[in-house]
Each structure stands twice: as C-alpha cells, then as structure tokens.
C-alpha cells in the first residue's frame, strides 16, 4: 500500500545496537518511511537477520560502513551511535541532511557543561550550536524547523515529564527534589559488561551512578534551571532492575499534591503519548512496555505538603527510538504520531 | 485516516483475559476494524483501563455483559471465553454472525473425541458441524468461506507447523514422533493458581500434563491422522518456562534432515508469517515475541536418519489472538496480513 | 551428630506459607533444634513434601491442626500465621510457652496505634503487653529474657537498620527522611492475587501502598519516635520488583555523609550479620539472597549535606524467618548465630 | 566450634568463577574444612569481597596466582579452571596432592575421544590415566582411593542419574534414547558473551549445541557404552533457559514405565541426594535450587512401552561444586554428606 514516491528514505547509523533495532522495528510499519541504508561499522557486511534475528522477515538493506552510504538520496538520518563517536560522524555528514541523534553528544547547549560531564571537549561545536533538544512535547516547534535534533537521555526524559510543569508553575520547592529512578537493563545497550549478564542481574536490584554522578543530571540541570530562571539541582539515584525495558521514576517533591496533579493533567491534556492517571493511581512499567506511551501518577503523602509523582515509560521507545521517530515525523512534516500508536505489549 | 464507512465492527466476548487483551492490542492499529463492543460478564461495568491499564489510551467501549450487546451491527465477533462456556454462548448468538472462537470448543470434529478429552458431551453440536479448524495456512479457503472458525490450541499450532508438511510428504516415521514443548506462562491465562505465581514460577522449569494427557493431543491426533490417512499418535510433553510469552517446540523425528528442511522450506516459501531458517540454525522465542511470526529451524543429528525440527511462536499472537485476527481478515475479505505485520519486540 | 537430649523441640504454626518453609529450611541444618510439630490448619493431613516439594528429603512431621499439637514437649513455638489470626491463636497457647511470632500482631506497643493501622481492636492485649519487639541487634537483652517476641516487618527492619544509629546520634534532620524501598514478591506471601502472577509481575516495576499508607509505617513511627524522644514521621514508598527475594531500601537523609557512614560503621562493628560497606559502595539484593546478612552502603551527593543510605536484606531470611531464628537462639540460650551462617546464594 | 587441628586445608584454583564461588559458599559452613588458599590469575591481588561481594562477610585469604601457593600445607585442591588450562596446571602440581578437578579435562578415559571432542591432544596424559570419573554414587569406592577426581559435566551428571540404572538393568531400548535438556545460564560461567546478557536471555528459550555436537555427549558415550558393554549413542539437545541455576533433563525411553520407576527407586533407595518421586510425579528445578539434591520423576505415556524420566538438579551444586565437595569428603575420609545437607532455597 506504500506509494514509493511518497516514501521518505531513511538511513540509520549504528543499526547493530538496541536503539537501532528499535528504530527498525517501528519504521517497519511506518506508513511513510522506507529504510534505505543501515550502517554498523563493526558488523558491516552482515545482514540484519544475523545481527537481530527478530527482524529476519523484513526486506532490509545489508549492513554497510557509514562511508559506503550515499546520503544524496536520504531524507533523514538517525544516528544511534555511541556518544563521542556520534559527534565525529555527524560533523562529517552533509550539512543539509536532516539528522536525529540518539546519543548524548548534542543534548547540552553549554560546551563547558558538556566537557565537565563527559570528560572531553566537544568535537563538533558548530553542529551543537544548531541542535535542538528533542523532548518533543516541549520543543515541538523548534524540532519541526530543526536540521539536527538531539534525543534526550531516557532517564532525563522520564524525570522531565514528571517535573517540568511543576517547576514552570512554581508549584514545588526547587531545592528539595529527589528522583529515585528504576530502569531496565536495555538502557545500558548491548555491551559486554559483567554486571549486565543474566546471572549477575536477574532476581536482584541495586543502585548505580549514585551520589549525583550520573550524566543525565546535566540535562536536568540545563532544563530545570532554564525553566525556573535560576539554578536548580535535583538529587537523582538510578537503580538497575531485572527487566529488559522500562523506566520508573519516583519523584519526591514538596508541594500541594492536588495542585501537582492538576498541573500535570492540564499540561498534558492534549498530548497523545502522555497519560496522567487519576489522582492516587500509580503507573507500572508493564503497562507501557514496547510503546511510545508514558504514564504518570500523582499521590499525596500522610505528611502534608508532600507529593509523589511517578512516571513510567519504555526507555527504548518513548525514552529513545520512539522519541526519535516522533521528532523525525515532525521534521518531515508527517503526522507526529505516525508509526507510534501501537499499544503496549502486555503481558 | 480510517474511513468509518469501510470499517468492520468488531465485538470481543471475554475481553478481560489475556487473549482478549491481545486482540484489542492488535485491532487498535488495524486499518479496517473498529472495536464496537467488549463483553466480560464478571467485570461488566468496568472500563478497560481498569482491567488492563496498558490499554488506557484507547477510546474503547466499556465492558458489558454478553446479553447487553446488540449484535445486529456487528460484522464479526471474537469469542475469547473459557472452553465449555464458549459453546453455550455461541449456541445463543445470531446464526448469521461471523464468529472466530479462541476456545477449545470447536476444534475437534468428532464429538466422541471431544467428550473423551474434555470430559463432557458437547452442548452445541450443530455449531460444531459447521466450524472450520483455524490453522490459517492449511485451511485458508475454508476459513474464507466460514461463518464459524475454531482457533487452534497454541501448542497444537506450534507442533503442526513443524510437522504437517513432513507427514504429508511421507518423510518421517509416523510412529516415532516426539514433541518436547516449552511454553511461557500466559498460555495458562489470567487465572489465580498457585503454580502461576511469580514466586512459584520464576527461575525454574518443570513439565506438566505429562504422559500423553494434555488436551492438545486431541488436535494432533485429528489433524495428523487425517493427513496420513491412518491413525497417528505422537508423544507430547509440555514444560512451563519462566517467561510470559512464547512457545518453543523441539520435535524429534526419524527421517532425512535435509529432506525435512526442504519440505518445510518448500511448503512455507510463500507464507508471510512462517519463516524457515537456513539449515542448522535454531529459532528462539525471543525473536518472535509479541508478533505473528513463527520461526522454524531444522538440524540433523550425529545419528543418521534423525532430524530435529524446532518451532517458535508467541502463544498469545500467532498461537491464538494473532491467528484469530488473521482468520478474521480472511472471513471479512480483507488483506490476510492486515494489522499483523508489526515486528517482534526485542529485547 | 545431633544429640537428641540436647536438642530443642520446635513447633511451627503456619508451616504452609513461605516464612514457615523458610524456618524449616534453616532449622533443618541447625545444630541444636529439632522440628517436633508442624501445623497448617488449611492443609492438615498433608505431608510437607506435598506442600513444599523442596523439603521432601527431610524427615518432617506431617501437617496437623494447631489443636492437635501437644505443646508440653515443645521448647519454642514459631507462629508464622496471618496477622489477626496470630493474636487469637497465641492467646490460646500455654502461658509459659516461648513464642516467636512472625506476624504483625505484637509489633506495636500502643493498642490505639494497632487499631488505627490494622483496622480492628487487638484481641490479645495481655500478650501484647509482654511482647518484645524483635529487631535483634537493638533489643538483644530483652529478647533473651522474653517469652513472646514479635518479629518485625521485613520493610521495617530494613529501614531501621539504615536509620536507627543516625537518629540516635542526632546526625540527620528528623523531618526530612525518605525511604524509597524496592521489594521482591515473596514478601506478599503465597496468596492468590492477580498482581502476584508471573505474567503480571515479571519484567516490570510499580509502587504500591503509596502516600504513607503502608502498615510498616507504624513500626517506623513507634521506633524512631522512641529513639528521638519526639514524634518522627518518615516518607515511605514501597515498590514491587520482579524478583522473589530481597529488599533494597534507598534512604534519603539530610546530614553529613561521612558522619552518617561513621555512625553506621561504628554501631555495627561487632554485629555478625550487619555489614557496612566502605564509603561510596552500594549493596545489591543479589549479594544477600537466601542469607541472614544485611549489607548497608552510604554515599554522599553532589548537594552538600545530603546522604544516601542503601540497605539490602532478604525479606524471608533477615527480614523474617532468619530474624525469628536469631531471636529463638537468644531465647533458648544458644549461640545467636547458630544455623544462620550459610553464605548468600549467588548467582 | 571448628577445631583447628582437625581441619583440612583447602586450596581453590579458579576462585573467581561461579563454580569457585559455589565451592567457597559450601565450604564456609563445612565442619572440617578451612579455605587456606584462593587463586585466580586474572584477579590476583584482589579480595574475594571485590570479586564476589556476597562472600564479603567471610574471613578469606586474598586472591593470588597459582604460583604463589605453597601446596605443602594443602590437604586437597579444587581446580575450577577452564578446560585446557586445567590440564596444564594440574600437570605441574605436586604429585601427591589430592585434586578434585571441575573442568572437562580428565573426564574422558580415551585420549582419542578427548582429542576428537575437545579439538586438541591431551597435555597431561599421565594424570588422565590416574583420574577417576567423579559421578559419586557410581564411583564411590574409586573416588575414596583416588588422588585425582574428574568432576562430571553438569548435563552429563543429570542424564546419567536418569539413565544408568535403566541401561544397567537392560530395561530400555539402547538405540532410542533422547535427552531433551533445559539448563540455566550459570552453567556457561561468568564469561562475557552476548547471548548471556540479561537483555538477550530473559523471557525466552532456545536450543544450542544441537545435532549431536555438545561435548557432554562424550561422557554419555563413554559411560553408557561401558555399562551396556556395547556402543550406545543417545540424542541430546540442550536448551538455554532464562534462569540462573538448574538443569531439567526430560529423557524419552522405550521400556516399561513401572519397571523404569522401580529400577531407579531401587538403585537410589540408599542415596542421600537422589530422590525418586512417586510414580507419575514430576520434578522442578525450583525444588532443588542451591542444594545438592537431585529429584527424579518417571511417568508413562499413552503409547504403551514408552517412559519419560525427568531429572532435576542444580548445575552449580550437584552438577559441579556440590559434587566436587562430596567427592572431596570421600577422599579425605570425612562424612560424605558433610557441608551438603542444606535444603534447597525456595522460593
């Protein structure tokens, strides 16, 4: 049913990782996109069926190196490369190519903040200058007009969905925000690390990146401070769960819980993918798995003036590849929700 | 984009179970179907958001009792009810209503076989007489013309995909077939049983329904004997795995492995959903999760004249609700694959 | 090797639940205890091998009703019964029988607090008056002399291990304590509830008992207020994890992180089962699974004056049955660690 | 309570792997053994608390290289090294040192069989000549007298427990044996392989080593042929499960099921660790987890003359480190069951 002349040609760089595979999964049933090129330098020459057997039924181009791609026919390019690599690659791509980057490389507007959190000076400052921060619901117009969109951190997206309207509305104490976050393992990618082995990870839980050291804090700092008009620093403790997908952010704030709920409900009333639950209900990562939806719940506490906001989304979908596709839809003038309306997979 | 006048009105009876929810998940993005009525007697009055929060973003009709549904506007009705209940309900539905039944009630053509395996005489023999067995790829023409289609058992489907072409081709010893099957837990439904608790099930494995007692044997007997033109009895031992979705059937046969592979490859060359892997490769349930695809691998053994056929499918999708939708597409004259092309969800 | 004349005779009431089974697992290799009677009213007449096949190799008494037990030969009785039931049963037991109760019935010293949190007036106030709160390391002398010891809540134990020395030492802001807790599913017992099914629970995470409603708050209130000498109310949000065993409590406090670490390290230096990790390290529930050990880690935060204390223990062992056995050892004049030194099971 | 003068000094080579850690877990509560040296060449200089935090409470020697160990004071040495490495190391150890090897290096008596299955000529044929095959229940007397005992493959042990008495008794067709085996992931060790990542493994199942290629077949061939007095070749298909521990072997044989049950029941009547269930019952890996017990069930089939034997054991305990300790007990003249009677951990 797809009409070839109306189809947008898509390239994906870094197609052998989980976010690359997730992009292909989503685009495979997208009404207006066609995958024209797939690059994965370390696996060039292989077929996607070898690298990701769950995609074997698709008629996909084989994996090539980035250099082998002719970008002249590409309408939009997703970069699902590791950070640091991404900025080098993007600096060398055609200057008129629409790009959605899923790495951390273009999220921070301040080069000094980038250098501080990532440990190296930025290698593509020119590109960084034109990059738009890709939290779709809050940068929609900029994204529509952008050439380069920087996908957000998956944890950063979750926390921001819970908090932005509250900070903007002046509803909470800005110096008393705690984000206790639980994440599935696919956020760490397909890397061979001992702590990601099934035998090391299943049937247990632990924190990591404690003490205010996780790099997604840089995004919280940038965005929350910009909204508040003054520096805002949150506490953020991520935990690794024995689950493949899903982020659950439990956010502790000081403010009136009913007003907090009202602000979130109002802010997201027209948003397709952001569902604010009735007051007192809590979301579960099970109920958004594999989808682009984000569920947000608000409760009060027995201690007056405290509210708990809990947000759940799928790190691979709404937290990265789904967000990237949503942004690509905007950049290409397509329906923002195209290819993203499949319900979560439960159980 | 859906044009209301071309949309088929769908009713689902038994919408509070896993196969009901899976039907809704699939139909939610089907281009030509609209969910017009949802029944669940025990939860009538509730919304689907209460029963299945992962579907909360959908604009669905509330749950009602079956009696409350006006079937005059319904184009096709899915029955996702428990067996025994299903036959009673279907006996009372309009005689011209297209029905896809997901229960065990209309799978067996021989009433005596039904009574033997299910322990009660059949209560709707008239309906049974017109029911078509719903293994799509092998009953496609009958299904297209049918009013009532009986969905297969999920285990029965998996075993048949592995074996039917081999029996039809006279390639294997009919008296030496062993199906060692591993299944995820959602096949047992949303029922409150001690052995289905997370604490009882996770991190372990065990057989159940051993010794030739599992009811899906009745389907194997019926189908394989019909193909062979003489009684065929297989051994079948199911095992329960700590996974929510997925069936892996490891089938041991006596025959030439290359011919076995060739027969399966040939039989399914034109089938969209049945993927025969290159000889020697093995499928994984991870690679078909949440999808309507079935992966089939064939290997030989160091003992000459032995072949191992391994088939993997998702019990809730290709094993029940996806199959049901595929059949409904045929019955309504739609594209057989409509709503079913979403790739598997991995990881 | 066990010498019969030195063996203590043990009865377990409620032997068909998880804490009952855990007691048997531990006592089976205890050098000075012998299981003399096992009661489970709903399963009386069955063998333990039927109820818990993992115990089938043990030579255990069959399950009987509580009434059938002759308590005259029993040295100590564990009550692993549901709350409310426990107080009725214990009221009827011999007044000189040593009892360790694992239910919630005797944890709260204030009858009004009990009635408020549990919704019914207490039915055995006389027994409650003599009950000692069973947090071993803090009530050791009282427990040694007690006839009736009330096991703590598993979550309550975890939070107290993280916080008691800090409150006692005046090291943290008493009005700003947040306990974000993650727990495995066995804490909910062997009950048939939809949310405890594998298909509902695996591969996901969600909060429950939110908003200051969880009953273990009553224990926090009682204990922390007693230590501080003034009312202390904490925030406490439990989350259910896809794991069978293990509690991880992430506790956010305001205080000097090094002093916090020092206080915990000092308080537990002589404790066999409480391991304080080097500053900056975090514990994992994987590393205490199946054991009576509790690991505690302390980190600072980039925001000065904030500390994060993370405590991990096994809810079935150190959180209930292991604690109960540790207390029983004290009550019987045995080595406190007898039967409890088996290392955690990893992976 | 341990008396130092009666304690056996134990060395463990390869202490940084899962079987090494399992040995330490078991020996930590062994009444007559003391861990005197721990070697792990790649992690020499580290403490066990760093490598395996679950063992942090133990007062263990630090990790050293093998060369650093003074074997003169060692009573028995466990080698938990990778195969190929093990033979080289053992060839260089003192000739009078008692050794229990957990690798594959000394399991096969025929050097040609070794070379065929493992792809290299054996480097320590002299040692191989004196090695005793470590399937305790069947080589007890030889093990008692041995200097070097070769631990069995974990899958090989499971299959042999199911089959040896049947082959010895002439009860089954020797040319029609099929072992369909399901194993947890810890059997693959702590190695960094993509297919062992949580994201790749959880919530799914697949076969591996298909077609008669798995090296444990060499052990089946050797042992079953020796018992039968003629060549016996079985079919063996292992599957990887989303669980950390546990092997379930479903064995299909032709023979009278009652006689099969009787033979196993009779053969193991006096065995502490081998539990034959009542006829018709099936074992579960959940019910032996973390223990040295093996549960075996037998059922018939609706097809006369077929029997199904299902055996379950923990690959890390009865399948390797528990077996090794059982053998070490025999070699040192200790109670065979010392340190091995802890019940399984459930749930």
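Note that the chains are named A, B, C and D in the order they appear, and that numbering of residues resets to 1 at the start of each chain.
One rule holds for everything that comes next: contacts are C-beta pairs under 8 Å (C-beta built on N, C-alpha and C of every residue); 3 or more make two chains touch, one makes a residue touch a chain.
This one's a predicted model, so the numbers in the text were calculated from it and none came from an experiment.
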Inset, instruction - Starting from the Cα centroid of subunit B, hunt down the chain whose centroid lies farthest away. - result: C
Inset, instruction - Using the touch rule from the top, work out which pair, C-D or B-C, shares more C-beta pairs. - result: C-D
Legend entry - Separation of subunit C from subunit D, taking each centre as the mean of its C-alpha atoms, in whole Å: 35
Legend entry - Geometric centre distance via CA averages, subunit C-subunit B, whole Å: 45
Inset, instruction - Could you list which residues of subunit A touch at least two other chains? - result: 18, 186, 199-200, 202-203, 242-245, 283-284, 286-287, 289, 347
Legend entry - Contact footprint of subunit B on subunit D as seen in their complex: 178, 180, 182, 184, 199-208, 210-213, 217, 233, 235, 237, 239, 241-246, 248, 250, 252, 280, 282-287, 289, 299-303, 306, 308, 310, 312, 347
Inset, instruction - Can you check the complex and tell me which residues of subunit C touch subunit D? - result: 18, 21, 24-25, 28-29, 31, 52-58, 186, 202-203, 244-245, 272-273, 275, 277, 283-284, 286-291, 293, 295, 341-347
Inset, instruction - Would you mind writing out the residues of subunit C in touch with subunit B in their complex? - result: 18, 185-186, 190, 192-194, 196-203, 242-244
